[in-house]
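Below: one structure, written as structure tokens.
Letters A, B, C and D mark the chains in the order given here, with residues in each chain numbered from 1 onward.
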Amino acid sequence: MTPPTTGLPAENTTDNNDHLVQSDDPEHPANLIPSLCAKFWTLGWVTGTGGGASIRDDDLVYLAPSGVQKELMKPSDIYVLSLAAQAQSLSRRQRVYLRSPPVYKPSQCTPLFLAAFTKRNAGCCIHTHSHWAVLVTLILEQQRSKEFRINNIEQIKGFGKGFQKSGNLGYHDTLVIPVIENTAHEEDLTEFLEEAMDKYPDTYAVLVRRHGVYVWGDNVHKAKTQCESLDYLFQLAVEMKQLGLPWITDIEPTIPTRKD
Amino acid sequence: MTPPTTGLPAENTTDNNDHLVQSDDPEHPANLIPSLCAKFWTLGWVTGTGGGASIRDDDLVYLAPSGVQKELMKPSDIYVLSLAAQAQSLSRRQRVYLRSPPVYKPSQCTPLFLAAFTKRNAGCCIHTHSHWAVLVTLILEQQRSKEFRINNIEQIKGFGKGFQKSGNLGYHDTLVIPVIENTAHEEDLTEFLEEAMDKYPDTYAVLVRRHGVYVWGDNVHKAKTQCESLDYLFQLAVEMKQLGLPWITDIEPTIPTRKD
Amino acid sequence: MTPPTTGLPAENTTDNNDHLVQSDDPEHPANLIPSLCAKFWTLGWVTGTGGGASIRDDDLVYLAPSGVQKELMKPSDIYVLSLAAQAQSLSRRQRVYLRSPPVYKPSQCTPLFLAAFTKRNAGCCIHTHSHWAVLVTLILEQQRSKEFRINNIEQIKGFGKGFQKSGNLGYHDTLVIPVIENTAHEEDLTEFLEEAMDKYPDTYAVLVRRHGVYVWGDNVHKAKTQCESLDYLFQLAVEMKQLGLPWITDIEPTIPTRKD
Amino acid sequence: MTPPTTGLPAENTTDNNDHLVQSDDPEHPANLIPSLCAKFWTLGWVTGTGGGASIRDDDLVYLAPSGVQKELMKPSDIYVLSLAAQAQSLSRRQRVYLRSPPVYKPSQCTPLFLAAFTKRNAGCCIHTHSHWAVLVTLILEQQRSKEFRINNIEQIKGFGKGFQKSGNLGYHDTLVIPVIENTAHEEDLTEFLEEAMDKYPDTYAVLVRRHGVYVWGDNVHKAKTQCESLDYLFQLAVEMKQLGLPWITDIEPTIPTRKD
């Protein structure tokens, strides 16, 4: 039996797999997505139903729906999709949901989240409309730049070195986040997001001009940490711009002399 | 029996219809207005008893009173009014309340909320004193402009296309919000708000110079989403102004090439 | 029996009047001061034990102590003082406390709060270190000005017309808040605060250069509303300064034409 | 038996001293560090697992681990270390933990916290990545300065006069906070932090360029108060810079004339 793709249970579906989003464990993806999104709402990342988050647990992908007020989301609002079943689908654009909420439609962010899961084996992907992210893309637009670059800031250490690499970036490393141009329809961003992933194999984030940012990680902890660190750096970068301070500097490393 | 118009129960009124504001359902308008206003207080929208919100449920209109601390409001503070009874009133300025709170006076915002309900069939109207909204009107004042215009920002998609139209604005569409001049008495804004509604038949919001903004929607969800999205855009616009970035740009659409 | 003035119960005091700060009523001043101060902490008004609040209930004055973390204050931390007993004291600087907390010393703000209670019959006085207030005094210092003046902003309506006058300021009225210079010791501000009260008989607030603001009102509701409205205006004023917008403008009133 | 230094209980350790982090008292260091860090997260001080806090109770030092989301930390995540045992260690870099959490590694901040405890007898040390602190170090970098200096701001009174001195700074005193250059590895900061402590014997804080700030105090109350006051001053300083206002001014003290 094929689950419906419309977001509404088909009339001939007797089982909507509601058990997939029912758990007493606060760490269960169906509980974690609402609690994370409520926190993100207070940070201004998912204002006005914008933005969202998705968690992958092995083969299962849990997705916030379209148009939901993110601080009011409930576990029963969550879509669940099988990566394996999706891979066998005839069409890239056709989604195969194991479980659909009774009210909401699927999010246009879905194929972008799937790109992080399938191309990077990510465990979580967060999409924010943070105005710091948008302002950074606007500042870069004036410089005709398609890359955010910053170095010599401690918080850069909050990022991993890259896909399948161990360890994090160092203080003197330059963090580089590609910027892709926004499209009229969010799902059309997918090919450009995937291109950016190919061109920047170690990046954990892609900025979308005049729109926001997609950030992922091997698990929820890493995706959230990288998303927070990046938003911190975007805010700092905007404030540095307002104060006339450059994002890239050439600093002589400070070497400790006293050893034991 | 005619309910009182003073905001205080008339002595000959034996029934103040208190049942209209008593419900265990958190989604009941008399419970929802206080919880929404408490949230808006944390956003800085209703500081110092300013601003407010009103919900229409079929013929009944629920209104926050005047002068209440918005984060401390209780269901028992709510006014209730019948649109049908109001329409039969001899005077536009005379209000016919089915239920009045024991303490507070009616809000001067009342006729402005009613304009959204009667002229646009709105289900909810929110009035904020957000300083981002006020700053936008001040920036526009220097440009002798009576319109806020912004385009090519993703969050614009948070707005409906217009009254009785289906679907939302697109990324490349220009969002246009009219600005009316403030008046000494808030209820005197009504005719100018109605004029702006007539001149901008598709707008869901009207800015009031040096004062704030009125935003409405077909229901609470849409009014809140549009109000959040608009406040986000006002904040972004002020920050863009500080960084010397224009609100309106001419951007070549990005077209996806890979189809399936 | 004279209660102690040191903030610590004298050894010969058998009764510290702890009943004065023990109540189940959340509106009791000893409960209200801690809950208000916790809220003010989240607004950045009482950071680092700075600022405070005092409530007068008829003859009794309830005061936050010195050096307490304002978001952690408890009813048992509150001082209580009798205005009548204080008036009979031989020295202006000697305090006569009916009730003292076991740990904390009296606040140096005490005589400033008392000035609002005795000279203005205020029911509540709030002192904040809001950085918006401090920035306004710094901007005015560069202009060698001792008055904050702003007009034609809706939120000005949040202020009463003045001591023993009914009604509030209008939209076109100019709000004037005097600025006094800071002193090395906070209690030395008292004479300058009182001078400012004499010179500006209708003001409900006095700015203190490089320090913060004192705001009062006939009761807790009015003091809080005026303090919130003022902080809103200070923030707006700083942002207007950053955008090159003037605080005082000459605006032609907008007159409604349609009457009924 | 020597406890492990890896952060993981050694296999031959039968007792991990879990009782050291188990208490019903909210003021116990193992409970206080998580509740403080959750509060600091809302202030933007410990974004993305950055920053942290440590409390010393006599000989025992309680430490947040590395890489934990600070608003989600639990008492069971806390490391405990004995200062006396640590002093007897053969190596400055080898840590002797009485209690280690089952998951997390020790924080690289550990030797910096220990410096505050051993050289200053501090009871608590807080490390923030506050972007106000970072911006202040960036502004000073452009001025080739290694000192943050500000005077004539009331909040300066929130700092003690210095190590083993009684009383706090006065309004007219100049607060001086040294800035050290950041190093690639956080623990390499230790020698420079200790040098700064030697050169500035009365300071309660050291700024780290492009990184953040370390603030300590005789106890939790004083460390938190000083950290809040400092962050307030850093924010004010950045805003003063944006408005073209100097951090150091020469002000004639205001002397009260009316005595009694």
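Worth pointing out:
Everything that follows uses one rule, which is that a contact is a pair of C-beta atoms (placed from the backbone, for glycine too) under 8 Å apart; a residue touches a chain by one contact, two chains touch by 3 or more.
Here the structure is a predicted model, which is why all the values come from computation and not from measurement.
Residues touching across the chain A-chain B interface largely differ between the two copies, under half of the numbers being common to both.
Note: centroid distance chain B to chain D, computed from Cα atoms, is 46 Å. A separation of 32 Å divides the Cα centre of chain B from that of chain C. Within chain D, contacts with two or more other chains are made by residues 242. Taken as a contact graph, the chains are arranged in a single closed ring, with each chain touching exactly two others.
Pairwise chain contacts in this structure: A-B, A-D, B-C, C-D. Chain C contributes residues 44, 47-50, 67, 69, 91-93, 129, 131, 134-135, 138-139, 142, 181-184, 188, 190-192, 208, 210-212, 238, 241-242 to its touches with chain D in the complex. Of all the residues in chain A, the ones that touch chain D in their complex are 152-155, 158, 170-172, 221, 224-226, 228-229, 231-232, 235-236, 239-240, 242-243, 245, 253-258, 260.
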